[in-house]
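Think of it as A, B, C and D in the order they're written, each chain with its own count starting at 1.
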Amino acid sequence: MSSDQRLATESTDRSSLPDVPDETVKIAYIGGGAREWTPKLIGDLALSTGIRGEVALFDLDYEAAKRNAEFGNWVQERDDAVGDWTYNAVEERADALDGADFVILSTQFNPAETFVHDLRIPREYGIYGAVGATIGPGGIMRAMRTIPVYKEFGNAVREHCPDAWVFNYTNPLTWATRALYEAYPDINAIGLCHEVFHAQDMLANLVEEYMDVDEVDLDEIEINVKGINHYTWVDEARWRGVDLFELVDHHLEQEDAEREFTPEELEDVTPFVDNNQVTWELYRRFGILPAAGDRHLVEYGPWFIQGEMPDDLNRWGVKRTTADYRAKHWNPSESDQTTDVEAWMDGDAAFELEDSGEVAVEMMETLTVGGLMKTHVNLPNTGQMFDVEEGAVVETNAVLTADSVRPITAGKLPRQVRNQIRTHVNNHETLVEAANEGDVDLAFRAFLNDPQVKTLQTETAREMFAELIAAEREYLPDWDLEGSAVLAGSDAFDA
Amino acid sequence: MSSDQRLATESTDRSSLPDVPDETVKIAYIGGGAREWTPKLIGDLALSTGIRGEVALFDLDYEAAKRNAEFGNWVQERDDAVGDWTYNAVEERADALDGADFVILSTQFNPAETFVHDLRIPREYGIYGAVGATIGPGGIMRAMRTIPVYKEFGNAVREHCPDAWVFNYTNPLTWATRALYEAYPDINAIGLCHEVFHAQDMLANLVEEYMDVDEVDLDEIEINVKGINHYTWVDEARWRGVDLFELVDHHLEQEDAEREFTPEELEDVTPFVDNNQVTWELYRRFGILPAAGDRHLVEYGPWFIQGEMPDDLNRWGVKRTTADYRAKHWNPSESDQTTDVEAWMDGDAAFELEDSGEVAVEMMETLTVGGLMKTHVNLPNTGQMFDVEEGAVVETNAVLTADSVRPITAGKLPRQVRNQIRTHVNNHETLVEAANEGDVDLAFRAFLNDPQVKTLQTETAREMFAELIAAEREYLPDWDLEGSAVLAGSDAFDA
Amino acid sequence: MSSDQRLATESTDRSSLPDVPDETVKIAYIGGGAREWTPKLIGDLALSTGIRGEVALFDLDYEAAKRNAEFGNWVQERDDAVGDWTYNAVEERADALDGADFVILSTQFNPAETFVHDLRIPREYGIYGAVGATIGPGGIMRAMRTIPVYKEFGNAVREHCPDAWVFNYTNPLTWATRALYEAYPDINAIGLCHEVFHAQDMLANLVEEYMDVDEVDLDEIEINVKGINHYTWVDEARWRGVDLFELVDHHLEQEDAEREFTPEELEDVTPFVDNNQVTWELYRRFGILPAAGDRHLVEYGPWFIQGEMPDDLNRWGVKRTTADYRAKHWNPSESDQTTDVEAWMDGDAAFELEDSGEVAVEMMETLTVGGLMKTHVNLPNTGQMFDVEEGAVVETNAVLTADSVRPITAGKLPRQVRNQIRTHVNNHETLVEAANEGDVDLAFRAFLNDPQVKTLQTETAREMFAELIAAEREYLPDWDLEGSAVLAGSDAFDA
Amino acid sequence: MSSDQRLATESTDRSSLPDVPDETVKIAYIGGGAREWTPKLIGDLALSTGIRGEVALFDLDYEAAKRNAEFGNWVQERDDAVGDWTYNAVEERADALDGADFVILSTQFNPAETFVHDLRIPREYGIYGAVGATIGPGGIMRAMRTIPVYKEFGNAVREHCPDAWVFNYTNPLTWATRALYEAYPDINAIGLCHEVFHAQDMLANLVEEYMDVDEVDLDEIEINVKGINHYTWVDEARWRGVDLFELVDHHLEQEDAEREFTPEELEDVTPFVDNNQVTWELYRRFGILPAAGDRHLVEYGPWFIQGEMPDDLNRWGVKRTTADYRAKHWNPSESDQTTDVEAWMDGDAAFELEDSGEVAVEMMETLTVGGLMKTHVNLPNTGQMFDVEEGAVVETNAVLTADSVRPITAGKLPRQVRNQIRTHVNNHETLVEAANEGDVDLAFRAFLNDPQVKTLQTETAREMFAELIAAEREYLPDWDLEGSAVLAGSDAFDA
């Protein structure tokens, strides 16, 4: 680097100038008692040499956090743990956040109970939502529970670690991320989700199958991503410069792209099964490729979840996540969760230290020491989607460098898809505004505007809404239930 | 990569599917007779192993192109030329473009003559433009000469190599790039310029000086760039996560940041001298850091080039590029150009094969074989500048991957800077619209709106405009000079 | 008027300056054979002294036009006919348009047939559209028939009477009006509809009822109107400055505002019955008052027309317009049309010359001789709805003066209503774009995006679409039916 | 009015419903001691039968208010005073505002002193502003004095008469009006100014002159107005439907439209002289007609007020308003004010009751009892100027009805004019934002961005700014002068 054009520079006193930074960081994990995610992070950190430091685990279930902290330190003892990390479980959230460089948010409200309501009650009103985690009556309830909490998290970050990078994994991801920004507009928060990787995986499969290539690295599948979480779209896809839409179009001419499924065929598979038939159908319908799992996509298309059920949904190879399944999933003894830190530490099961495939640690490394990384993130719109309103949380690719995440411009959407995206953005913004005042009646406006609810008479929708609120009342302390005109006359709520 | 979630995939016929691409490319260089740029490219290609292929050089001066082709092939003979390239000079532009993967545009209209008019005539009207290459009366004249030619280039690309990546280096860069898109909206064209690198260089100097670091790599200076060519701005700057604005603010407290220069001090330096005093002044004035050489920046701030001249300009360490200097610069025998391919080939001078520091070859490699690269480019606005109109050519960072260049969102500008940017965008768009009809009177509206011209009475501006048009008449064949009401009554034009 | 501030004015030659205009006009009536509208216009003109002149009646049914022309001239003979008009039926449309100052457009494609398809076929697919004239499958079919014709009308106006004021009464009004502007962007066209007057009427009723006022003039009910035709909204309503929403809110507390109807109660009323129950329901749902007849409003709210039919629709006091009714309505002998020009002229019925209540003649007077008038119109958006895209045809108030119609700014809509408006705007724009290329597959995208269709599986919607197209094939000559991928595989279309 | 379509309506209790309003109003006049405006209003009210009531006059100079109140009641005694009004002078502003239906704002800060600074100091820096009331250094100083006061007025209106209609006549009109909305976004405030009437007057002159018409009523000159106060533009102008631009274009071919003036010719005329030469020049330059007095227009075009002064300004028939003239104008004994209420009441001069030509009373009548009226007003942008940012105060036509003022959409401006408008909007918004924090340094950003200041070096502009602030310090109590970095180092301010 040279500057021979400059005539002169004067020497100077250097006190109080910033120091050359090092790679030591503090990570705060809120919800750090998680049975599956925390062990994955522990493994990835143990394999990282780019950064090092301390991980503070906080969980309302302190014992769970403690167990994971023990596990983390246990892993550090291993010879193949090249990273340098210390784990602590803390009893106060503030202790986790103070001075943190990174904050991981992954929390749930008693999901074994709330998810059951979210799925069961709408089912009784004929709404056959497949997951209930993002939109639909269940998604909106979940948002009503979550937004006040995440606003509170936003305030806590401002107080304890205002410059920290916050990685939010909690659903409904858009609302939770939006709530963080509502509380603290300067927060460095991003919403992270895996669904888009499925699209890359699917496209990699097509390359392998139709181009006779052996192993395609997901990183090489370059896609232009845009939309909202769980309803993202791809209008450019390339592998080494090859336009993958040629492969997609070719694939759509094969029988496999029009396969129909029966309830019997799906009987023994998990609700996470993904046969891509919804993906192909949406591509045929809109001329642009969706990039999320089929079980999420169907929730956005009411035509998939109305009609004869379960046949008309199963036909697409998609299976509803039942309330019963949800209840079991969150009950460790009945769940098919695969991590078991106690067994590992006790030697009852063999633990292998391996890369989880998650990108969180790579992101932390890049944000700390620099370099260049591209991945998809959920962030307030600052132009990445020129045809969506400013500030709405959208999902697109972004570029990471040292202490910086900037969205990449993704361009516009076809009118019909944009129309749907904006419908949900209207609901996101309405619900956040409603939460600011605890205004249940305004929240009901968003509820009515949800495409799954939209076909119900107002009165019916109101009963369902009141019944959901009544069932989950204890998780809605920040909402003015008593002052609501919508709830006032409802039997379900009074009961 | 796995897909165990999918139930089945059917085998298929693979005819007519795309092949796995290789790294062989054809580069068309329009203006390939250049004495300085072409040898640099030849050197960089000789050092590249990422791509290989053919370079077709086209120049209105065929002999110059031929000389460079000979030189290119001569370089390939060297042992240290690890790249694999063949050079041809072609007599027809179409032969260069046909099947090209990359097109380099770097052309000038008889600059030894036109630049002299561009600088001399406004000078007589009291306009002391420092360069005359971007805006001001000279810049607008240059745009009027250039836009029709670049629209024609856009059409030629559509005809001969519609998918090629077009790298435009020609000034006025914004107008030339915008004209390519006007003619062929789906063109893959980017405008490339070095000025932003100066800002990175300047910031690297500050890191070295104030943080006691020895050698800072420009790539590590991460800046968020936004604006228009030669008037770009930086509102975030980091080195390994360190906020460089702390260093800038510290530097501004040093005497060096308020140094004033006299005409005598500048007497023997070239007009390319850059003392950063304009940069500091603009930062003080607007609270955001400009990222272009001071000689370009002053053109955008009429307050720098009005008053007592040359003193009031020289005070900032900036020297006007005189018409005389321009004339010599383009006359090889009088110029200080440093490349001399004849001497090298004849053995009269020692040629050393070394990296030029240009990023063009690295960009071509990424666009061809993939990877991830970030650099600043000039592209139509698709959201990278949310507060500037869609389609205006703006300069921001962008991400390159295989066959893709996507701008990174840069956010908004302070009102006062945005105001200036939009003023010029209005002129860019007006002049392109005027060129579509050859409408000189509409072009005059842009001329009047230029900040350098704005303080002149309409009548005076009209005389200057007419005089410029009269002097450069032969370079304006696509403009309807005879039909112009503005020119009609002017003595200068009739003469 | 004075100008004593000016120092001097010079006298001048006045040749070729415009003359003082007079009030003689030519009116071209396309669809002038209408049995109901033309006699009304004839009556209103006979009572007008503001303008005078000639009326040229053109109709594909020349005899009908001739009959109306005779009637017009017959009316002029009356003593109480104070206006001064001559009526001619013309055989060529060009003869009507040449030199026209006003063009009235009111046409239908063989409605007795097409309307029956529009209503019957969707009914078979479970879509219980109440009118089928605006949106829904029937509305979209009607738009597909109408857009090419109205583009052609736009071109004819440009050719024969480019400065004429065009009053379009034809449904689907938004699409027909938008098509005129698509063909001829400088056209002076406005779309005119009565539905908003119903809202004023309803509000006047409330004033009379709750404020003990005897006769409230509709002109005194000032409302701020915004939306799209047949789905307009009112957020400000005043009578002599009294906020009428106080009355509306009071009325909603009365039993009458929650009255439910049975199919039996509606058995003997016409489909035009309006009990305002949908109006109140939408006001409760969205917090803003709709301003269109209930039968139109229900089409925009799928929740009204799904469920148990006809009960769930009739409950709101709304009755479906059956295909059978439509067929009869357009068959004079079976219709309940009230005008009968033959009987009048023959003396078989008594004709009374009276003001029809229509505002067309008043508008023509204002546009010709000046004054100030306010009414609601459908016009491309130029800011009257700041939150809707530019150029979309929207319905708001406008101000008329001599030769000028300018929309009044109406402000924004609540998110949930805006969401619906934009959904339809997307469909309007998509269908116009599709019509430009005759692209049936793009039209199908709009069809799928219609809220009435949205809940159908793509495949089902495709069959309905194909069946409609097949039935109305002869009215779709400008669409590329053969090139459509959507139609290609459909049994309905092939049959 | 009929409602035979409705099946039934139920009778109801009518308590607490609004009453039929009457035409009695209370007018609060802030600045009611004015020597010229208050008597005019008193006269107009005395001639009005549309409304009646009470006028409360408040002025910091209580005696002046009292004198005007006496005069008002004296006028009411006359036989030809058909209106019914009572006048009171009040000592507390709150007493004037309480329960007011209309508030008139017309105030000045010791203009005899401040105006002199506003004009004199910039003059010393070479800025030859013609009026100094709107923009330029003087205009910005005036805005800095005025914004805090008008925010305070906005708060007072919210407290005492939240639904009142506020007519603001105070300059700088845009800033004062904008400040009212900043403090109280729901205020019913409009900014009113006479300049646009001059354009109508000028156009009426052309009709009389070139169309041989005797007396043209200003109301018949229909113009489409858009821009910002004192820099409004007209792109449509008609008299009885005749396009007046034909007359304008004809006039521009006459010698009178290119007349030049000498300082001698202007010696004895007032600074209010208007020869329209600037109007014609701007029309030639931009292709659109300005609608404000020439003395205001020149302030927006720096090219008019730079060069050889006063010749280069006088050439256009415009004369600078000197500081001396300003000082005299506000000193009754030296002023040429024409009203003299004492003389009238004492019988020393004959008072004639006649219509002043002002529209304020007509506006109050329409807002109170209804009807339809069109005039130009200054209001926050809600779409009337689609190409200007939302909320900026712009001047366009508006429609008045009972209790409602709604802007009429005015369409877009040519790029070069829009560019200027947006420049000033940026300054309006910056200064309001600065005032919110008392941030002098941000105000200086707006100061630097003013076109009159823009050509000065930052340092020079800073000295002028500091000198102005120092001179007017006592009128800037809400600004944080001590905390300003810009002022800190300035000799002028320290002195």
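Brief remarks on what is shown
Just so it is clear, contacts are C-beta pairs under 8 Å (C-beta built on N, C-alpha and C of every residue); 3 or more make two chains touch, one makes a residue touch a chain.
Everything numeric in this text was worked out from a predicted model, so none of it was measured.
The greatest centre-to-centre distance from chain A, using averaged C-alpha positions, is reached by D.
Mean C-alpha positions place chain A and chain C at a centre distance of 47 Å.
Centres computed as Cα averages put chain A at a distance of 54 Å from chain D. Chain B has its Cα centroid 41 Å from the Cα centroid of chain A. Annotation, chain-chain contacts: A-B, A-C, B-D, C-D (touch as defined at the top).
Against chain A, the residues of chain B that register as touching in their complex are 1-3, 5-10, 12, 14, 17-21, 201-202, 204-205, 208-213, 215-218, 220, 222, 224, 236, 238-243, 246-247, 250-251, 254-256, 259, 261, 265, 269, 272-276, 317, 367-370, 372-374, 382-386, 390, 397, 399, 401-404, 406-411.
Across the interface of their complex, chain A is touched by residues 281, 284-287, 302-304, 306-307, 312, 414-416, 418-419, 422-423, 426, 429-430, 445-446, 448-449, 451, 454-458, 461 of chain C.
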